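Below: a set of structures, written as structure tokens.
In the two complexes that follow, subunit A is the common piece, with subunit B as its partner first and subunit C second.
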Partner chain A sequence: MAEKKTLTFAVMDAAYENARTTTALRLMDIAARRGYDINVFAYEGAVTLPFSKQSPHPNAVHGRDADQEDHPLPRKFIAGLMKTAKEKGGKVDWINCGLCVDERGVAEAIEGVRRGSPGDLVKCAQSSDNTLVIGTR
Partner chain B sequence: MAKYLLIESRDPFDSNDTGSYQALAGELVKQGHKVTLFLVQNGVLPARPGTKSQGLTDAVKSGVEVLADDFSLRERGIRADKLVAGVKAAPLDVVVDQLVEGRKALFH
Partner chain C sequence: MKTLNIIETAYRATIEEQDDTIVWITHAMKGAGADLSVLLRGNAVNYAVKGQDASGLSFGSEKQTHPPMIAEDVAALMKKGVAVYIAEEDVAARGLERTDLIEGLKPVSRAGIAKLFDEHDQIWNW
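== the complex of A and B ==
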């Protein structure tokens, strides 16, 4: 049996802001499908990614209701990531920077997300096979 | 010899410092290190032969392994068989492979 791998990702971009979020989630998805353990430290705007009150909306311009629009929600992507990791024998430890959460009023996060501090990023990095920091510009 | 993974998400039409990043990759190779420059998002744009491709050509000539995310290429309508000489299309899985390998990784 292959040795269990652990990767840590630090992300900082807010939801719907930059393609870096897509790339980060793609990388996490690959790791999850391999059964790796994944640590995510969400800093600054990235704490909005698992915000549980994200809501789908209709598109009046194109005459589509919310169901037809099927607007993508990052919180659903993250929930799916956690589900995939669990199914493959891994796990996702998603840590939201607590101060960043309070500043933005996004304390309501999906299940599986916990509060932390930059010190947690250090701990995650020390216990991981590698760490990738995906910063903002 | 250390192994590096440099991930480039920015394109030279938008960010002047992409040239410095490509040069960094080349310098690391000259110093005896193994380097992969992985292009993703708009970072794949100079992989299509054009006015801003010289930096990638130089990186390839210096011994840098230059890979372009196949998904990002498809999103932008860039054919994998029409890339700058020496640049190869590759899946994003390569990044995860090299992360677990323990490479020193930077995201730009």
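== the complex of A and C ==
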């Protein structure tokens, strides 16, 4: 088994806006499957990723109702990451920037997400093997 | 741990935020004890231009009462001990002169950026 690492990710893109979010989640998925401890600092639009009120919708273009469509929800991806990390002996500490949450009115987040500040990013980075920032372009 | 914050994407939601969000988070992290430097490159070199004025904006009856003052915010970072580097070629490519910019910046050539990276433990490209 690979040596256990602690990695910090800072992400900025809002849900459903950019492929960078998928890339970030894929990187986190690899780390979760390896049992690493993962810190995520969600800044600006990225605080919408674990928003608990994301809802699936039907897709008339595909000719499918909501159940058939099974529309991807970032909150479910994040919950899946948390579950896998725990099963593999790691954890995901997802921190939503509190001011960014307030600006956007997205205080309702899935279980396991906590509110924080830039000081939490500093602490996470200082206690991690490495930090990857995936900013908005 | 010494970290270099690279700011390249410029004027992203600065009217809504009344700040550049990365300049802002650099202030906040410095306040939390982080050891930080900043590199302005690409369009973000314009953050160092003196005399910018984004005031006077309104949408119908709603006024934006506190416009961003990003050059002042960058200058305030330097006063807090954050070194602010600026990419020389990106300044020149935009027709800016040294006299257009605020004082205290550390010009760095494109060729010198790799050495700058080497002087930091982590590089955060926002």
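Rule of thumb we're sticking to: the second predicted complex is superposed on the first by the 132 of 137 C-alpha atoms of A that agree within 3 Å, B and C clash if a C-alpha of one lies under 4 Å from a C-alpha of the other, contacts with A are read in each partner's own complex, and residues count from 1 in each chain.
The criterion applied here is as follows: contacts are C-beta pairs under 8 Å (C-beta built on N, C-alpha and C of every residue); 3 or more make two chains touch, one makes a residue touch a chain.
Treat the numbers as computed from the prediction; the structure is a model and nothing was measured.
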Check whether A:Ala19 is in contact with subunit B, with subunit C, with both or with neither, and answer first, second, both or neither.
first
One more residue to check, A:Ser117. First (subunit B), second (subunit C), both or neither?
second
State whether A:Ala125 touches subunit B only (first), subunit C only (second), both chains, or neither.
second
Could you tell me if A:Val92 is touching subunit B, subunit C, both of them or neither one (first, second, both, neither)?
neither
On the A-aligned overlay, A:Gly135 touches which partner chain: subunit B = first, subunit C = second, or both, or neither?
both
When the two structures are overlaid on chain A, which partner does A:Tyr43 contact: first (subunit B), second (subunit C), both, or neither?
second
Just subunit B (first), just subunit C (second), both, or neither: which does A:Leu7 touch?
first
Under the contact definition given at the top, report the residues of subunit A touching subunit B in one complex and subunit C in the other.
130-131, 133, 135
State the interface residues of subunit A toward subunit C in the complex, per the touch definition above.
10, 12, 43-44, 117-119, 121-123, 125-126, 130-131, 133, 135-137
Write out the stretch or stretches of subunit A touching subunit B in their complex.
5, 7, 19-20, 22-23, 26-27, 30-31, 34, 36, 129-135
Applying the document's contact rule, which stretches of subunit C touch subunit A when the two form their complex?
1, 3, 9, 12-13, 21-22, 25, 28-29, 31-34, 122, 124-126
Under the definition above, what is the set of subunit B residues touching subunit A in their complex?
7, 9, 40-42, 71, 92-93, 95-96, 99-100, 102-103, 105, 107
